[in-house]
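Scrolling down, you'll hit the structures one after another.
One chain, chain A, links the two complexes that follow: it is found with chain B in the first and with chain C in the second.
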Partner chain A sequence: MADITSCGHAGTLESSDVLIHIEPSQDIEINLISSVEELYGDDIKALVLEVLEKMNIKAVKVDINDKGALDYVIKARLQTAILRALEDGDKPDWSLL
Partner chain B sequence: MKSEIQFSQFDSTNIRRVRKIKEFLDSVELELSEDIEIYVSAKEDEQIIACGGLSGKILKCIAVAPHKRGEGLILTVMTYLLNAAYNRDRKELFLFSKPKYLSFFEECGFHLIQRYENEIMLMENTHNLQEYKDNLIKLKKDGGVIGSIVMNANPFTLGHQHLVTEAAKRSSWLHLFVVKEDASEFKFKDRIDLIKKGVAHLKNITVHEGSDYIISKATFPTYFIKDKGKVNDLHAKLDLYIYKNHLAPALGITHRFVGTEPYCKVTNNYNQNMKKILEKEEAGSKPIKVVEIPRIEFAQKAISASRVRALLKEEKYEELANIVPPTTMEFLMKEVVNGRYN
Partner chain C sequence: MRLRRSMLFVPGSNTSMVCNAFVYKPDTVMFDLEDSVAISEKDSARLMVFHALQHFTYADVETAVRVNPLESPYGLLDLEAVIRAGVDIVRLPKTDTVDDVLDMQNAIEKIEKEIGSKKETKLLAAIESALGVVNAVDIARCSKRLMGIALGAEDFVRDLRTQRTKEGLELSAARSHILLAARAAKINAFDSVFSDVKDKEGFIREVTYIKGLGFDGKSLVNPNQISTLHSIYAPTKQEIEWALEVIEASEHAKKHGLGVISIDGKMVDAPIIARAKSVIELAKASGVMGDDEDE
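Take a look at the complex of A and B:
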């Protein structure tokens, strides 16, 4: 599994985007602020968990400030934040993602 | 044709650009804060239309030109500032602004710590204040008079010792907070160590490590450049309100003790603000009695930490021994031997 040992971030606070910050943690912790939280909060969290699982990450703290981003934007921003936090030798197998 | 908006980031060494920011801030009636390291600006047709600054873990001087408001520029400025902070591994952030912009910054993930009238507010992007208060509640003591002191003790003198001893005498329990920021001549670790040794004779006291919420660079940035006489009155008031509304209730504090301040105008002014704010009857918080304890003197001069630092510089160690407790003296002499003051 890939260990998150440092912080990473990706995205912006612009409308239809999302700003994601990740940092090391003992387990998986997701803090979500979203302009569409009532409608899509659970979906966003499920998507985050799915991305983490595919990238084989078992422990990380994810802070998400969502401005109504579409699924693939959230996915891409999260993957980028994670890649920025990983060691160079720890890159995932893209074909699986 | 729609002109393009250009965002850029630069640091405080870029004097020409900082001057332009200052002019822009003047035009929107904001003061440029001198401790900003990183600036973000948005320009259109060579004119600044928005800006923001990062100082340590504090975001401030965030402004958008009046004719450009409502276009979401602030979100881009905030993105730049947050990226600048994250890139420096600063994650737990504070933000200063005016209370009327509360909802803008809430959208950026910040929430209110304290506001002062319509003048100033402090926000944070964590829940650390609540956590801090929850921890303080565990240290609460029962009693009629729950006293408190906040001190920097840079370093601990006989004057400090007198103040603490007097306050402890008049309190059922005394909470002593030590300013945590490492922005003084003596390090936090040494300052608190000397305080603990200097108050070891008292039984009804808790010595607390300070925090971001009590005279820190977040609540009171100008305190640490007070020698320059530039303490911002609003910051002092904000700090006192955080104390009154958050920290004091957590510990059930009823009194705050301070030494009289004969020399330093800035500290004296802070003490006057303290009386005004802490003793004021207001909805939602209990007033706290402020008790000024006269400073003790040696050879007709009030004892102060700044006097100690001056004597150290002048190498007048015998005179020094008259105004600090033996525990502080021992530490200072060790420092001198180690060549810290040469």
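Take a look at the complex of A and C:
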């Protein structure tokens, strides 16, 4: 299991992008702000859980401010935020991404 | 016939462009991880491009990625990402020597072997210095993975201690040399970007000029330039009619055992027939002629 012990963020508030901030937590907590929350809120949260599970992260707080990002953009931003928090960007395990 | 007229540069850090570039239908989408990406965003751009390359929206378009130099802290990480994601072409930044290409080729082969990839990633070398131009003939022939060489004019003119002009005289020697090197090696030749996106007349002049020289295509910085470039590269109605006439006459001559033929008093020999055939191929590939219109 990868422990999130510091904060990380990635993304922007530009259209088609998403701003993601993560910080240490006791369990998994997802806070979502999205213009398409009513339609895709559950899908976005499921995607976040899928990324966390694959990266073996059992506890983290994830704040998401979505500006209509595609699924792969959300995935890329979340993974970047996590790798930054883990200070692992220079040796990522590609099989987990 | 694979067309490579338009190679659209897309900064890997520009999410909107990464997500939408395919819509404009360039022949090749060139994601950039090098100069257009700030140092602080190298990691995020790399992951964005890693996922974009695997997305279905890029399944039917040729993809290329300009990676950072191998000697930088980012080059190898970029390669790890894009080879795993199945990119078609890796564009080398500033290529000065044969060793630059071979080093990149070795690094790619190592990654492909590690992941058990059967795909042979192609290489495109950007020539951006006087040394690169002088070595272009050797560079163009040094690797079977090399699908083309491209002029990177901004760095090149700086190396020449001059500046770019709309007339392009400062690039004439480099363009000719790069084109000859590419043709001798039977690979593609690409011209540099035309960065003044507001100057449509200047863009048309430059594209007409480089097409006349023989370049396969051009790097582009703005999607609005794509349709203009494609229309300049498409054969005209007159060119198509001429090509059809040449092919018909040559087939007639062949059938009746005739030797050299002439059309409108001009001799038609093998190079002319080959050119006519390539006009028809380009017309079909450009969509200005149906597949069965020459039957």
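One rule holds for everything that comes next: the second predicted complex is superposed on the first by the 90 of 97 C-alpha atoms of A that agree within 3 Å, B and C clash if a C-alpha of one lies under 4 Å from a C-alpha of the other, contacts with A are read in each partner's own complex, and residues count from 1 in each chain.
What we mean here is this: contacts are C-beta pairs under 8 Å (C-beta built on N, C-alpha and C of every residue); 3 or more make two chains touch, one makes a residue touch a chain.
If you're wondering where the values come from, they're calculated on a predicted model, not measured in any experiment.
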First, second, both or neither for A:C7, with chain B first and chain C second: first
Which of chain B and chain C A:S35 touches, first, second, both or neither: first
Partner chain in contact with A:S16 - chain B first, chain C second, else both or neither: second
Superposition-derived comparison: chain B or chain C, residues of chain A touched: C
Partner chain in contact with A:Q26 - chain B first, chain C second, else both or neither: neither
Chain B versus chain C as contact partner of A:N65, first or second or both or neither: first
Contact residues common to both interfaces of chain A (with chain B and with chain C): 12, 14-15
Parts of chain C lying in touch with chain A, wherever the complex brings them together: 15-16, 18-20, 43-44, 47-48, 50-52, 54-55, 73, 77, 80-81, 84
Interface residues, chain A side, partner chain B - complex: 7, 9, 12-15, 19, 21, 23, 33, 35, 63, 65, 67
Chain A to chain C touching residues, read off their complex: 10-12, 14-17, 69-70, 72-73, 75-77, 79-80, 83-84, 89-90, 92, 94, 97
Chain B residues within the chain A interface of the complex: 72, 75-76, 78-79, 82-83, 86, 89, 91, 107-109
